[in-house]
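Read the structure below first, then the notes.
Letters are used for the chains, namely A, B, C, D, E and F, taken in the order the chains are written, and counting of residues starts over at 1 for each.
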Amino acid sequence: MQQENSSQERDPQMFMHNKRLMYTVRVSEPNPKLASLMLEQFGGPQGELAAAMRYFTQALAESDPGRKDMLMDIATEEISHLEVIGNIIVMLNRGVKGKMAEGLEDGELLSEITQGGESHTTSLLFGGGAALINSGGAPWTAAYVDTIGEPTADLRSNIAAEARAKIIYERLMNVTGDAGVKDALGFLMTREIAHQKSFEKALYAISPNFPPGKTPGMPNFTNKYFNMSQGDGDMSGPWNAGNGWEVVTDRREQAAVDGGDGAATVELSAEDSRLLEAAAARTASRTDIDPMTGAELGADGANASSRRRR
Amino acid sequence: MQQENSSQERDPQMFMHNKRLMYTVRVSEPNPKLASLMLEQFGGPQGELAAAMRYFTQALAESDPGRKDMLMDIATEEISHLEVIGNIIVMLNRGVKGKMAEGLEDGELLSEITQGGESHTTSLLFGGGAALINSGGAPWTAAYVDTIGEPTADLRSNIAAEARAKIIYERLMNVTGDAGVKDALGFLMTREIAHQKSFEKALYAISPNFPPGKTPGMPNFTNKYFNMSQGDGDMSGPWNAGNGWEVVTDRREQAAVDGGDGAATVELSAEDSRLLEAAAARTASRTDIDPMTGAELGADGANASSRRRR
Amino acid sequence: MQQENSSQERDPQMFMHNKRLMYTVRVSEPNPKLASLMLEQFGGPQGELAAAMRYFTQALAESDPGRKDMLMDIATEEISHLEVIGNIIVMLNRGVKGKMAEGLEDGELLSEITQGGESHTTSLLFGGGAALINSGGAPWTAAYVDTIGEPTADLRSNIAAEARAKIIYERLMNVTGDAGVKDALGFLMTREIAHQKSFEKALYAISPNFPPGKTPGMPNFTNKYFNMSQGDGDMSGPWNAGNGWEVVTDRREQAAVDGGDGAATVELSAEDSRLLEAAAARTASRTDIDPMTGAELGADGANASSRRRR
Amino acid sequence: MQQENSSQERDPQMFMHNKRLMYTVRVSEPNPKLASLMLEQFGGPQGELAAAMRYFTQALAESDPGRKDMLMDIATEEISHLEVIGNIIVMLNRGVKGKMAEGLEDGELLSEITQGGESHTTSLLFGGGAALINSGGAPWTAAYVDTIGEPTADLRSNIAAEARAKIIYERLMNVTGDAGVKDALGFLMTREIAHQKSFEKALYAISPNFPPGKTPGMPNFTNKYFNMSQGDGDMSGPWNAGNGWEVVTDRREQAAVDGGDGAATVELSAEDSRLLEAAAARTASRTDIDPMTGAELGADGANASSRRRR
Amino acid sequence: MQQENSSQERDPQMFMHNKRLMYTVRVSEPNPKLASLMLEQFGGPQGELAAAMRYFTQALAESDPGRKDMLMDIATEEISHLEVIGNIIVMLNRGVKGKMAEGLEDGELLSEITQGGESHTTSLLFGGGAALINSGGAPWTAAYVDTIGEPTADLRSNIAAEARAKIIYERLMNVTGDAGVKDALGFLMTREIAHQKSFEKALYAISPNFPPGKTPGMPNFTNKYFNMSQGDGDMSGPWNAGNGWEVVTDRREQAAVDGGDGAATVELSAEDSRLLEAAAARTASRTDIDPMTGAELGADGANASSRRRR
Amino acid sequence: MQQENSSQERDPQMFMHNKRLMYTVRVSEPNPKLASLMLEQFGGPQGELAAAMRYFTQALAESDPGRKDMLMDIATEEISHLEVIGNIIVMLNRGVKGKMAEGLEDGELLSEITQGGESHTTSLLFGGGAALINSGGAPWTAAYVDTIGEPTADLRSNIAAEARAKIIYERLMNVTGDAGVKDALGFLMTREIAHQKSFEKALYAISPNFPPGKTPGMPNFTNKYFNMSQGDGDMSGPWNAGNGWEVVTDRREQAAVDGGDGAATVELSAEDSRLLEAAAARTASRTDIDPMTGAELGADGANASSRRRR
């Protein structure tokens, strides 16, 4: 027995908090409709909680000291971003919050909370807070976190996730008229670019990193491109031409590419076979008859085939 | 227009991280079966992420300076607990991690990753990391977070959540033979007690706090106890006896308690009524016939009612 | 062997139904927008199905005869409330139902079903019925039910759930202009107050009930308050001052509070260590180089680093 | 040992694609509001992905050569329908796509993407594509697929699924003013009718097919109808009258219908009984006291029962 | 204006409870492994809660007095079945419940709660109760409820659901050695047969009921069978032969079956077209080059393309 | 108005099927434990359905003819892979299928279906078929599909997804002793490598592709690296050193990095402010008292603070 006590395992991690935001949030006026769209980056699939949890779970299991440190740095920053976007939402909902808590003329409030997409959900269910839902009202789920614990795959996932988050921030900036909101979104968007760069460096600091993992591919199938969608519009590009690519267009060469019969088989014990045959016989389909069916009963009307009830 | 810039709004929040755990984790040996159970408090409904997100979302929307500070203090501590339990899981899975990455004799690894409940999921899908799933493999969902943005309700939710988390830690301690794991779990369990005490104090620092919210109840129905489940075993206790309770046992007094006819009605326009009647007529149920049905066709066998196929 | 056949186990439970609502529902006119908000208490997290299932699952597993009876009484009442709120929704959607079934001028119907939030979902997918979704369209999930089978925790969950449900009814009353709907909501809201009182009595009829469960806390950590969020706005209140509280503000005393080194360790077999080292070596991060990355390739443009395709 | 290599197992299945739609899609103009409703049949519970996956999973496990062929035929057609409805959505969103990618005057875009229900989600999150969500924004889930691997049950599920899908298409046609969209929807609707007919034939080609499965029912309870909902409005029809039905209305004959005591019992070991009794004693409910509760503390106000803080 | 107050609307529904089970439950001994399988019919997709909610939501929205009464009768019976299966689970878990609450020798309890599939989840998380999860641990979701508010579709859904539930009970009986459990399961299984018969009668009491709904199909496509899956094993049966079926096997007649060009088109404004072209130009794919990619960088190793870090 | 009818829009897509698998599946013997692990790539997050749907939804919305063709080629191939892995699962479950359908000695079947993780779910609920769940029993969800409709982000998502899928196949090969299964898995694994290469080429055929999207970052924040996690173990590597990186370690420079006060503010109307103040006053926290709480009541025991019930 020996103890795994390398430095990275000995000095991990504790969180602290300081009472200033990472970026100042200056919202010009309440706007629950806009708040509802901003939820996309609070509780949505490309949002800050998903980012933080992606890097945090990777950091926990990572043994390489450099990557572990980087992952925890960025995970911590994403939690701070979660606060920034959360504060934007809370400020945009401030007007509704008071009305909801203290009451208002009925019609007025109903109109306000239903004026924009899901903002009523935010306002009604969460009382003007920031909920961990996306802009369409779907609750955040850990199914968004694609960590699998292998660094050359996980770093590629991180690169892609930062690219997606960058685009969503860009789209949110396109729908925002409020200058203060736009400024804070611009900061958050920019940081996704910086993080993508860090993850790219970390990926290529592993050498080789392609193909990912340890087991090599079957040489026969590594450079084949199966032209599965055929017809007018077949295109050629670097993804299937040049550079060693072999395009397979003949439909017969796309099936059973191992040279076998393209069937699925399993060796069964005599007992298993007997039981399967019994089940098959019991539920066999007779193909030689044209049975009367429920659809025909229903189409004919019930009268023809039914008796007056006693 | 005036700016909402009270101190609590001006100086919120940013997260930082320090490379030591809040509590030292000394695991005696790898045990993926135990790791799989520990997931309950990492990615389960009563676990640390649910706790952190419950208090963090409340803190964001809270305006009262004292509660906001307390909620952020405890949210931050819960994130640090998430790290502790995550490190326990990672250490318990350390043995599988290497085998999974580097390969092993087949049978041995298959046996190891299927020996306990969901541990194979952790090991296979997440490569020996800590995933945001419960001990039964269900992904964490924001449906676990019951924040609604009203302090006398949310503080009660927090009190209940701490009580539940305390019990789950107690149960995990009951299934743990590893002294180091048990010690760390004991710390986490104890902190739930301390947090419950803080939330209790914060609730009663609001006065009055019952009934929650602003609208009073209808006096007629505030002290009634409807005895809906009757028969041998009807019991009396402080929840329905003494202290002003009025028990309603007569079935006739349990329905239409407003004195109305117990029906649901709506005023419809003539056009709406006409359309509803047309739909009703089209799908009306004839009660005076005994129609032949698919079940009878199926029970008789298809032969009787079917023709030999041409 | 002996048989567990105490009275509470011998005479449990069967449901029956009577054809009058618990409270008369008088809706003044169809309003699909309002119907969509009402779904919050039909298929939402604080709604009547969640309440009924919370108490019903507790009642099933409960052995204490008094609590079992109370839980089944209130579970049964909540199912009756589910009917009341369901009837409100169905009446509010009556106008759309006929139009949807029989057809209408196209534009008119499209406009009607999209006028309010999610009401189109209700109308389109469910044909004007009441669906088990919240007001934002998310399907009801058993993740809302926080029963854990320990009475001092479960009763606190019930108290909190009743408080939340009371608030949601209050908010729904605030957005309702229809007097009949408001009246029925007022009844449902009032019953949550009565139920909270019953659950409070039942909790304190267990003595002691704090801390919940059997295992005591570690004395060292039961009265500590970790000031994790620091900066302007640190507050003192009964949750962290007086009454035995010890506030820990020094960051160094917040980490590794057990006096250890704040690391996570595990004893590994030689074989496990060897495999982990092999995996680490294979994916080691080289920190001494500045590798060319995909981001740089992408920023430069593909031209510079690519060849004209053959 | 013998090999299961009947013809249906030997020659299963591979998918190919041709670059023409099964039905031409001619959309008259962009309409994101309508696009959002069309999602119901792309990523909704009665939509084409659910249909395709229902039949595909049945086909995989089916051993009967006729049913296996039919299931794969129809599964393949449903994937082609998924393309048709997906193309309708993409065309309806074409206008938003360009604006979202290239930017616009702020207010204009915000107004456009929030004009209808969930269309903002489609537009913002998915950039004008077709997402696997229903019209209310809930992500597609395999919980929609009700395959259980028994043909007389699965075929009935298929018949029902086709009937539901037919109705949803009919409703979508009712809200569509666009002639090209209506035409394509009409084709898709019609195919559901044809598929229902095929599944009906396949069901009745199994004889007998009722009751489903192998185990017969208990003769005592096969023809009883329990009148569980009583009061004004009790109705009689072919579902409970004539044809051998025996209606049970007496409440006493609805409980413990086996003639037993209607209790649930289990034989426990002495040790199990001892532990259960210990747990029961520890959490016993005292019914003879009227304890002070948190609700009373909260209603009184904290002042009365609290001390000025030191 | 006129009031919709027909008798079925005036006298709906309230639930009551009596303290005897519908069927006596006699479990011979605790068996958490079996308990975990029984969860399938408590919180699983074909289980009793899904059944009860399916019929209850249909009953709420139904206007036909006969069907409304029948649906409420059967919904109420299914809730009573939910109690029976819930009591079976609770009895099977009784042994674990005490051990979990009171503590045990560590190893023993760990072994017991992990011995069978998900039973540890039940035991640990729910303390020996019956949770609303399926036998694989997935929480119950309203996505299981396929009510759409059209009677000829919903009744077919009910028929299929009863058939599926019958089969699951049959499978559970096959894995049960406990005679008392088997007896109660047999009762529940039998009732599914009776319910299927009632729903069949109710479906055919509507005439006509096929095709479902109001809009007829396009005559061209109602009797076509597209042979989409071709090759050895093409089969003919009543689902595609005889009875008016026209089989389409020629691949060219399977695409663009409307006689159009099989393309998707939309009329765009000049501004929309301009923006789409700008976006297309910005992200155009150059097909004439063979760009260096990240994969090549990664395969070469970082050394070749990287500089020693300054 | 002008019609968008470029060639790629005019000739899209229809699916066909041929009755041979893409790769021959030769399973040596039934093994439900292994079948349950294989589900990971059938209905799991990195599995073939997720892959197929990721590329199919991208193909639908894509306008670039080259990328659209490539995406449809690969989507179609992934559906064919879904069949291969599905057939592997079905063959591995063949033994259980017969036993489940026809019945067996009770104990034997119970033991077989619970021997490995989730295999009982597969066997019981799905009757020996292949279900759209992951190896831990969680149903497939569209939350796994990360398509956002922007090609430089989506292609990166595809690259990452292929890398993850490659690793999962490698892990499954590590746990498989069956040579036929291993061979088919090897083919599927290899194709992920080929697909990753195609997506890499397609990404770099867009120039520039970094940063993704149209809006540039704020120059101030593009090259900063915030050292958020500090303490022993701070590391330097290409992700934060050299190449223009500026590391920010001073905690004061990590907050309010815009130079503002790090607060969140919003301009409110006088009415909004008044309502918020009213709500704040109503729920204000008194910090100067030490209120009696429920925890103290519970700890004291109910006796002290309660009266004997009348």
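To be clear about the criterion, a contact is a pair of C-beta atoms (placed from the backbone, for glycine too) under 8 Å apart; a residue touches a chain by one contact, two chains touch by 3 or more.
In this text the structure is predicted, and so the values were computed from the model without any measurement.
Considering every other chain in turn, the ones in contact with both chain C and chain E prove to be A, B, D, F.
Counting only chains that touch, the fewest steps needed to get from chain A to chain E is 1. Comparing the residue numbers each copy contributes, chain D and chain F share more than half of them at their mutual interface.
In whole angstrom, the spacing between the mean C-alpha positions of chain A and chain D is 22. Here the spacing of chain A and chain F, counted between their Cα centres, is 5 Å.
Distance between chain centres (mean CA atoms), chain B to chain D: 23 Å. For chain A, residues touching at least two other chains, in rising order: 4, 10-22, 45-46, 66, 72-73, 76, 80, 87, 90, 94, 97, 101-103, 117-118, 125, 127, 133, 136-139, 141, 143, 148, 150, 152, 159, 167-168, 196-197, 201-207, 210-211, 214, 228-229, 231-238, 242-243, 251, 254-255, 261-269, 273, 276, 279, 282, 285-287, 289-297, 302-303, 306, 309-310. Taken in their complex, chain D has these residues touching chain F: 4, 11-22, 43, 49, 53, 56-58, 60-61, 72-73, 75-76, 79-80, 82-83, 86-87, 89-90, 93-94, 97, 101-103, 125-133, 139-143, 145, 147-150, 214, 286-294, 297, 302-303, 305-310. Of all the residues in chain C, the ones that touch chain F in their complex are 152, 203-211, 235-238, 242-243, 285, 287, 289-291, 294-303, 306. By the touch rule above, chain D contacts chain C in their complex via residues 33-34, 37, 40, 44-46, 116-118, 134-138, 167-168, 171-172, 174-177, 228-234, 251, 254-255, 261-270, 273, 276, 279-280, 282-287, 289-296, 309-310. Across the complex, chain E meets chain B through its residues 1-5, 9-12, 14-20, 63-64, 66-67, 100, 103-104, 106-107, 109-110, 113-114, 117-118, 120-121, 124-125, 127, 133, 136-139, 150-152, 159, 196-197, 200-207, 214, 238, 241-243.
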